[in-house]
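What follows is subunit A paired twice: with subunit B in the first complex and subunit C in the second.
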Partner chain A sequence: MGGSSSLLPQEALGEYQELTFLNKQEILLAYKRFSELLPREQRENACSVRVPKSQILTLPELRPSPSRQANPFQHRICHVFSTSEDGDDSMSFEDFLDMLSVFSDAATSDIKSRYAFRIFDFDDDGVLDGKDLEKLVNCLTGQGEEARLSSIEMEQLIRNVLEESDIDKDGTINLSEFQHVISRSPDFVSSFKIVL
Partner chain B sequence: MSEFGAGAELPGWVTESRSRGEFFSPEESHAAAPAGFLQELPSYRSVLRRRAAAGDVQERWGNLRGIASAERREPQPDGGERGAIPLWELPFSIAEKRDLQQGDIKYSSGWNHWKRTSSKSWKKALKDIKELSSYMQLWRHDIHSIEGKFGTGIQSYFSFLRFLVLLNFLMFILMFSFVTLPAVISNYGIFNSSSTKISPNNTEPYCTVYTPSGNKGLVYFYTYLKDLLTGTGFLEVTVLFYGYYTIDAAWFSVLRYNLPLAYLLTTFAYLALSFVWIIKRSVERFRQHLVHDEDQFQSYCNKVFAGWDFCITDLNAARLKHRSLLYELQTNLEEERLKQKIAERTMKEKLRIYSLRIFINIIVIAVLSGCFYSIYRATVFSQENSSVSIRRNVMIANLLVQYLPSIVITSANFIAPQIFSFLIAFEDYSAAFEIRLTLIRCVFVRLANVGVLLFSLWSQIHCDNDQCKACGYDYELYPCWESAVGQEMYKLLIFDFMIIIAMTLFVDFPRKLLVTYCSWKLVQWWGLQEFGISDNVLEIIYGQTICWIGTFFSPLLPAIATIKYFIIFYIKKISLIHTRKPASRPIRASSSNFFFLAVLLIGLILAFVPLGVSIALISSSKACGPFRNFNTSWAIVPYTILEFPIGLQKFLYGIASEAFAVPFFVIACLFMFYFIALAGAHKRVVEQLREQLVTESRDKLFLLEKLSEAQKNSGKPQKARVDFFWLLEPLDKGR
Partner chain C sequence: MKNKEENESKEEENCPQQSRASRRKNHRMKRNDGKKEGGERDKKASSKDEKESENKEKKTNMKGKEEENKQKKGRKNSASSNSSNSSDEESLSEEELAMLMEEVEQKKKLISTMRNKPWRMMKKLSVLREAQAFVEKFEGALGKGKGKKLYAYKMMMAKKWVKFKRDFDNFKTQCIPWEMKIKEVESHFGSSVASYFIFLRWMYGVNLVLFGLIFGLVIIPEVLMGMPYGSMPRKTVPRAEQATAMDFSVLWDFEGYIKYSALFYGYYNNQRTIGWLKYRLPMAYFMVGISVFGYSLMVVIRSMARNANESTADGDDDNFVFSWKMFTSWDYLIGNPETADNKFASITTSFKESIVDEQESNKDENIHLRRFLRVLANVLIICCLCGSGYLIYFVVKRSQTFSKMQNAGWYERNEVEIVMSLLGMFCPPLFETIATLENYHPRIGLKWQLGRIFALFLGNLYTFLLALMDDVNEKLAEEDVVKNITRWTLFGHYNSSMENSTATPAPLDPADVPRGPCWETTVGIEIVRLTVSDILVTFVTILVGDFIRACFVRFMNYCWCWDLEAGFPSYAEFDISGNVLGLVFNQGMIWMGSFYAPGLVGINVLRLLTSMYFQCWAVMSSNVPHARVFKASKSNNFYMGLLLLILFLSLLPVAYTIMSLPPSFDCGPFSGKKRMYDVIQETIELDFPLFVAKIFGYVANPGLIIPAILLMVLAIYYLNAVSEAYQRANAELKKKMQLQREEEKNKRNNKASTNSMMQDLEDLLAPSTKSESSPKQAEDKKKDSPNQASPVGKQEKAEVLNSSPIAAGRRAAFIPPPHVLVTRPLTPGTWAPYPQPRQPWPGGRPMGPFPGRGRGQPRYIHPI
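Take a look at the complex of A and B:
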C-alpha cells in the first residue's frame, strides 16, 4: 500500500466502509489501483478526479486488447456505474468503489441481481427484451463471426430463456422476473464477482 | 403517498401492445414519462400503502430513490422510517447514499437516532468479525488467484481440497486428544499416571500370544525404509497402530480414564462429525433450490445470466470461457432438437438400441467382476506371501508383494474409467446423461474396490478349524488382526500419495516439455492434458474413504491424510498452472460442488459398513488392543451400561427395544409423508399462482387498450377513467 494510504483521509475511509460492502483493506487496495490509473500530477486529488473510460478499461479486470477482451461487459459496467453528468462514462473513485462493492463477496444477492439487470439491459429501457438477450448471448460467446450462434439457434435459445423466466408472458423480462429467476440460479452469486 | 410521483421513475410504457407483469413498482430506469392516470389507480395506491405498512424493503428503496434523485434538499419526513436497513445494502451510488445519511441525521428524533447508531455499530462489528475470520482462512490468496485464472469450476475443486484438509485435521485432533495422548501419558507415567493391563480370562492361552517383530539386533538400514513404507517392523509397535493401545484403564492420580470406551466413542464421534459437516455444507449451498422441480443446473437462464465468470482476468482463460460457453449452448440446443428425434424413433430402432445397451451393461458388469476378482486374488497372494516371516535380501520383490493390492487397485481405478468412456459412445445417450452415467460407473468402481479389498482381508483373517473358533479369528497368522488391517490401509494411503506425486513428476512435466520443444505433428495433436475435475475429485475421495475406514485401526492416519492433502494442494496447483490446459467442456461450480459432496457422502456411508462389521461382528483380537477382554469391540458398550444406575439402564434398554423403535419409526414415516404432501401442495399452489398472474396481466393489457382507445376517442378522460376503475376494483380484491 505504501504512501497511498496516507493520501486517503481517515474519515473518508470510515465513510466508505459504512457506505459499501468493502472492508478497509479492499478500499485501500482500490485506492492504490485507481491512483495508478491517473497521471502523476493528479494523484493527490484522486478522490475527486474523474478518469475517462479508456483509462478505466486498462484495469486487468476490465481490460480490452485490440482483438480480445477479458471482460465482455466492460462497457456496460462503466456505463451503469458512472455518475458523470456528461454521459461520457468516466468514473470517479466513488463510482469505482461502488462497482467493487456490488461485485464484492459480501454483497447481497439482491443488490447483485439489481445491478446485473441494469448491466444486461443494453438499451436501458428497464426491461430485457429479445434484442437485449441477443446482445447478451453474443457477449458471452465472444467476438468474431465463428463465435456466434446461428440465427436459428439464437431464436431457439431466446425462446427457451423467455419461457423459463417470463412469468407474465409479455415477451420481456422485468426486474422482478429477473430477480426471481436469479434466485433459483445456483451459479449467479459465485460468478458475479470481481475481487481486486 | 403519491407525492413522489413526479420524481419517481416508472417503467416506460412503450406501446399499447406491451404490458408489464409488475406495473407498479418504481424501478430505476430512465424511461419515458408515464401516463399520469396510472399512478392514481387504486390498485397501485393500495399496493404502495400495503407495502409501506409492512415495511417492504423494495418499495422503500423505490421511494428513497425517487426522493434521492429528485428532491435531495427538501425535508423528508419519511427519512426516519428507513429503519434497520444498513446503508451499504441500498442499491444507490455512494453520493446518493451519503445524501440519505445526511437526511437521516438531520431529521430523526433522538430515540430513532440512538436506535439507528446502535444497530449500525452492531452490524459494523459483525462485518469486522466476518472480515477477520476470512483472513484466517487457509490458502485464501491461492484459491483466489486460481479462480481469477481458471474460473469458479476449477476453484471449487481446490476449495473441496481445503475442506478435506480441515476435516482430517479435526479428526486427528479428536483421536489424538482422546485416545493417543492418554495412552502415551499413562504408559510413560507422566503426571503421576499409570496404566493397568488386565490379563484376559476365559480365553485359550494360545490366542494371546503376540510378538510383534520390532527390530532387534543389527539390521540393515533398508529395513527401516521398508518398515516405514509397509508399517511393519518398528512402526508396528508405535502409536500408529491399534496394537499399541493394549491398555484397559489409565489412572491419572485418582481419576480412572476408560480408554477402551474412549477409543470406541471417539471412532463414532469422528464419523458423526464428518457426516454432520458434509451434510451442513451441502445444505448450505442448496437451501433455496428444493422447491422448484426443474433441473437447476441445466436451465438456460442459469447458463445465460450466470454464465460469465466476472472474476476471470486472464485473457487466455477468457477466450477459453467464451469457447466453452458457445460449445455448451450449442450442445444443449442440439440436445433439445435431438429429444424431438428420439421421441420419433420407431419400434425397431428402439429395440435395437435397448438390446445394445443391455449388452454393453453386461460388458460393464464383466469388467467390474474382472477388477474385483483380480483385487481378491492379489490380496490373498500378498497376505499369504508376506505374513511368512521374510528376511530375504530381495527388498524390492518384498515391497512389491506387500504393495500388490494397492497396485492392482490403482491400475483398476485408472483402466476401468477409460473402458467406460469408450463403451458409452455406443449407447447413444444424450451428452449430459452420458457424462453422468460414466461418472456414476467410475464412482462405483472406485468405492467398490475398497469394499472388495476389505472383504478379501476378512476372508483371510477368518478361519474354520476348531482351534481358531476358540479365538474367533486366525490366531497364528494374525495374532493382532486389527493392526494388520491398519497396515493395509496405511499402505494404500501411502501408495496413493506416491502415485499422485509420480504422475505429476514423471508424466505431466515430461509431457509439457515434449509438447513445448518438440514440433512433431503427432506430439502437438496429443497436446497437454486437461485438468479433469471429476477424475481428480474421485481420486481424493477414494483416499478419504480409506482414511475413514483406517482410522479405527490406525489412530494417527488422519494426521498422515492431512499432510498428504496439504502437499497435494500445492502439487495440483503447480501442475495446473504449468502443465495443464483447462477443460474444454464447461464446468459449473454449483453442480460440481453438489457432485463432490454427494460422492463424498456415499464414500462415508460406504465406510460405515466395514467399520460396523469389524466393530460389532468380528471378534476382537485377544492378544492386543483395548478390547482384549471383550468378545467384540462393541461389547464394551453393554458392559459399561451395566455399571450405570438402574434407572438409567432401564431407560437405555427401553430406547433400544422394539417397543420403542417400531412406534418411533412409524411416527418418523408419518412426518416424512406429511412434509412430502406439504411440498407437493406448495408446488401446486405455485403453479396456480403463476397461471393466475398470466391471466391477470392479460386482463390488464386488454383493459389498458380499451382505456387508451376510450381516451383517444371520447375526449372526456374523466368519465372513461371512472368507468374503467369500477372494472378494475374487483381485480384488486384478489391481492
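Take a look at the complex of A and C:
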C-alpha cells in the first residue's frame, strides 16, 4: 500500500491541487482510498479505471447497510458526480476528486449549493418540484414506517416550503431561488461536508 | 467553428513552423474538448450554464487568435526585412502588448478561479492545460528590452511564491494536532460533538502559551539561577515536617517537598536580581502574572470577534424555517448508521413540530397550572443553590479547624474537594429533573439548564473563595505574632552562640527557623487540590458513567429481562454542554490559581492532553450521539462568552488580593514589601533614569487617571451609539427587503388568482359573446374602454390598443378604481371580441389595488 501514493504523477497532483479545494495530503489520501476500492490487478492504473457504484458506496460516509443507511443521498451523490456514459453511476478517480472537492471545507457556498441543488433534483429536470420535495422529505425522515409523515402533513410541509422559497410562484424551486434560500442559512456550509 | 477553421488556414500560410505546430496541438485539444462536451450533453441539469461559460471561453480564445493573426500580418506588411525567424516580441506595438497582457491576466485569473466552476474534472483539466500553455507561451513576450528580463524574473518569482504558499499551507494543515481524530469523531457524531473537541484543542493551545510564559520566564530562571533548595528557610521543609515530607500521602496533598518547591509562590526569593544575568525575578513574576490575564483576555476577545464576523449572516429571520429544515438539516458528515437513525428521528420530529406549530401557534391550555409549576421549579432550584452554597461554606469553615488538628484523617483533609465534586456531579441531573416540571420548549429549556449549572458552579466557587478569604485574614493576623517570634528566635540564637564562643556563630539551620503561615501558598495549594480532584472526578465519571455502563449494557443484554440497550440504562449520550461548562470552569480555576501556584498551568496542560485522548476514546467506544442534535455554528460564541465571563470573574479575586493584601513577610518574591505592586515602583526608581520615574509619577496621578477613564467611558458610549445606529439601519433594511418580498409575493399571488378567475370568466362568456357581438361595436368600445378604464395604467395605453380586446377588457376588469366601475359600467360589447386566441399575459405590470373587484364584473356583461 505504501507505494500506491507515489503512483500519482507529480504534475497531475499539482493540477488537481489547482483545480480542487483539496490540499496535497487530502488528494493523496483520496487516491489511496480510491485505489483500495479497486481489485488488486487494476491498482496500477487507478487514474483511468472506473469504480462501479456498488464499490463507491462502501465508503463509510456513503455506506448502506442492509436495514439502515448512513447517508440517505448516497445514490443521488453518485449519480450527480458520475461522468459515466452508460448511466451505471460508476466513478472515475477524477469524479471522485470532484465530489470530495465540493464536499470539502474550503469549497465556497456557491458551488456547494449548486451541487446540493442537483442532488436534491431527483428527476434531473433542473427544477425542484413537488415530487422532488416529497422524495427529499422521505429521504430525510428515514425508512421506518412510523417515521414517515402522513400525506396531509407532507402536503402541508411542501406547501409551506414552496410558499417560502418559490419566489416566482411557478410551483417549482429553481436554482436561483434555491441559492437565495441557502445563502441565508447559517449552517449549510458547515454541514454540507464529507471528510475521508 | 468555421471561423476558426479559416483562422487556422490563414495562420498556416504565414506562421513560422514552430508556432504552427503548437497551434495545431491547441486546436486538437479544443476538438477533444468539444467531443467531451458532446458526450456530456445528456446531463441536463447543469449543461446550460456550463455551456455558456464554455462558449465565452471559446470566444476569448478566438479573439486571441485573431489578434495573433493581426500581429503577424502587420509584421509582415510593415517590416518585410524581418524574417519570420526573428523574435516576435520586439515588433509588438504598445497596444497589442497591452491587449496581450490583459489576456494573459485573464487567463491567470481563470486558472486561479477554476476550482470555483461547477465543471467536470475532465473539462477543468483541459481548460487548465490550455490556459497554462497560453500563459506560458505569451508571458515571455511581455515587457520590452531590459524590462523583459525583469518581467520574466518577476513572473518566475510569482510562480515560486504561489508554490511556496501552497506548500506552506499544506505544511500548516499537517501541523494542526488531532485533525484526523477530530474528523473521525465528526464523521460519527456530527459537527456539534466535534465542536467540543475543537474548543478543547483551542483551549490546549492557549494553555500551552501560558505554560511557556510561566515556565520560560519564572520557573526555569528560578531553578537555574536562584538559590538552591535548603539554602534559606522559605526553601526548606521545617524540621517538624521533615520526617514525613516524602510520604506519598503527604505529597498527594501537595504538602511536604512539593509545598516547598518552585511550583508554589512561597518558594521564590525576594532578591532583586538573580544569577549572572541579573535577572529581576520578582519583577518578572509580577509581569508574568499580569500578562497571563492580558494574553487570555486578548485571545478570547479576538476569537469572539472573529466568530461574530463569521456569523454576520445568522439566520435569525424566520422567513425560511421550513426550507432550511428541508434543505440544510442533513449533516453530511454523519457516517455512522446509529447517528443517522437519530438524525432521521430528530428531523422527523422537527418537521412534525413545526407543522403543528404552524397549525396551532397559540393554544395554551391551563396557563395557571403551568405558571405555578414554573414558579415552583424556580423556588426549588434556588433552594438547591442556596443549600449547596451554605454546605460549601460550612465545609470550608470546618476544614480550617481540621487543619489545626494534628491527626486528621484522609476524609477530613479532603472534605472540601469531595463535597464540591459531589455537588457538581449530582446537582445538574437534579436540576434537569426539576426542569421537567416547567415544560419549556427544549431549546429554551437547555438555556435555563445551562444558566442554572453556571450559577451553581459560580456560587460554589465564590463561596469557596469567601471562605478562603476568611482563612487568609486569620493567617494575616497570625503572621504578626510569628514575625516577633522569628525575630526573637534569631536574636536568641545569636546571643547564645556569642556567649558560648568568640568565634563567628554558626548560622541557624534554615529548617529550624519559625515560619509565618504564608497565606499565598495556602491559597495556591487549595486551588491546585481543587483542580486535581476535579480532574479525577471527571475522569472517573467518564470511566464509570460511560465506559462501564456501556460494557454492562452491551454484555449483560444477552441475559437480562428487558432490552438494556433500548430500555432503562441504555448508552450514555455525549453531554456537550456539561463538558463545555466543566472545561470553562476548570480554566477559570487555572487563571485564578496561576498567580499563587505557577505550576498549576503545567498540570492543566497535562490534563487537557490526556483529556483529549481519553475523551476521544470514550466517545468513540461508549457513547451514542445526542438524540437532539444541535448545530455547532451558533454555539461557538456562546462558549466563548462563558469563558470571558469566567475570566473576568477569576480576575477579580486575584486583582483584589494583589492590590489590597500585604504579602507575607517571609515567603514569596514580594516579601518585605507593603504591597505586591511595589515591585514596579521599585524597578522604576532604581533601574530607570529619573525622568521616567517622574513621568510615571505624573501618569499615576489621579488627576490624570480620572479624565482618562472618563474619556474611555465616553468613547465606549459613542461607539455603542454608533453600533446601535448601524443595527437600526440594518433592521430597517431588512424590513424593507421583507416588505419588498411580501409585495412581490402578493403580486404573484394576485396574478395567479386573477388568472384563474379570468379563466372562469371566459368560460362563462364564451357562448354569449360569440353569438351577440358585432365586430364594429367591439371596435368602438375598444377605443374608449381603455380611456376610462385604466387610469392607473395609462402608460400602457398603447400596448392595450394593440393587444386583443379580450386582454384589454380583462385588464380593465381589475385595474379601475371603484368609482370608474360605479359611474361608467362597461358595456357588454367590451366582452365581445373577435374570437381570437388568448394572448400571453404581459408580466411585471402593476396590479390594481383591488384585484378582487374582478369578481363583480360579470353582472355588467349580459344585456339579456
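Going forward, the second predicted complex is superposed on the first by the 195 of 196 C-alpha atoms of A that agree within 3 Å, B and C clash if a C-alpha of one lies under 4 Å from a C-alpha of the other, contacts with A are read in each partner's own complex, and residues count from 1 in each chain.
We adopt the following convention: a residue touches a chain if its C-beta (ideal position, glycine included) is under 8 Å from a C-beta of that chain, and two chains touch if they have at least 3 such contacts.
Since we're looking at a predicted model, the values are computed, not measured.
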item: Contacts of A:172 with subunit B and subunit C, given as first, second, both or neither; value: first
item: Touched partner set for A:133, first subunit B, second subunit C, both or neither; value: both
item: Touching partner for A:164 - first (subunit B), second (subunit C), both, neither; value: both
item: Partner chain in contact with A:97 - subunit B first, subunit C second, else both or neither; value: both
item: Which superposed partner A:187 touches (first subunit B, second subunit C, both, neither); value: both
item: Which superposed partner A:86 touches (first subunit B, second subunit C, both, neither); value: neither
item: Partner chain in contact with A:18 - subunit B first, subunit C second, else both or neither; value: both
item: Residues on subunit A lying within both footprints (that of subunit B and that of subunit C); value: 15, 17-21, 23, 60-61, 63, 65, 68-73, 83, 94-95, 97-98, 101, 103, 108, 110-111, 114-116, 118, 120-121, 124-126, 133, 136-137, 140-142, 147, 149, 153, 156-157, 160-161, 164-165, 167-169, 178, 181-188, 190-195
item: Subunit A - residues contacting subunit B, complex; value: 15-21, 23, 60-61, 63, 65, 68-73, 81, 83, 94-95, 97-98, 101, 103, 105-106, 108, 110-111, 114-116, 118, 120-121, 124-127, 133, 136-137, 139-142, 147, 149, 153, 156-157, 160-161, 164-172, 174-178, 181-188, 190-195
item: Subunit A-touching residues of subunit B, taken from the complex the two chains share; value: 11-12, 14, 18-22, 25, 27-31, 87-89, 91, 93-95, 97-98, 101, 120, 124, 127-128, 130-131, 134, 144, 148, 152, 285-286, 288-289, 292, 294, 296-297, 299-302, 304-315, 318-319, 322-323, 325-326, 329-330, 333, 336, 588-591, 690, 693-694, 697-698, 701
item: Complex contact set, residues of subunit C against subunit A; value: 39-40, 43-46, 48, 111, 114-118, 120-122, 124-125, 128-129, 166, 169-170, 173-174, 183, 186-187, 191, 311, 313-315, 317, 319-324, 326-337, 339-341, 344-345, 347-348, 351-352, 355, 358-359, 631-634, 741, 744-745, 748-749, 751-752
item: Interfacial residue positions of subunit A with respect to subunit C in the complex; value: 15, 17-21, 23-25, 60-61, 63, 65, 68-73, 83, 85, 94-95, 97-98, 101, 103, 108, 110-111, 114-116, 118, 120-121, 124-126, 133, 136-137, 140-142, 144, 147, 149, 153, 156-157, 160-161, 164-165, 167-169, 178, 181-188, 190-195
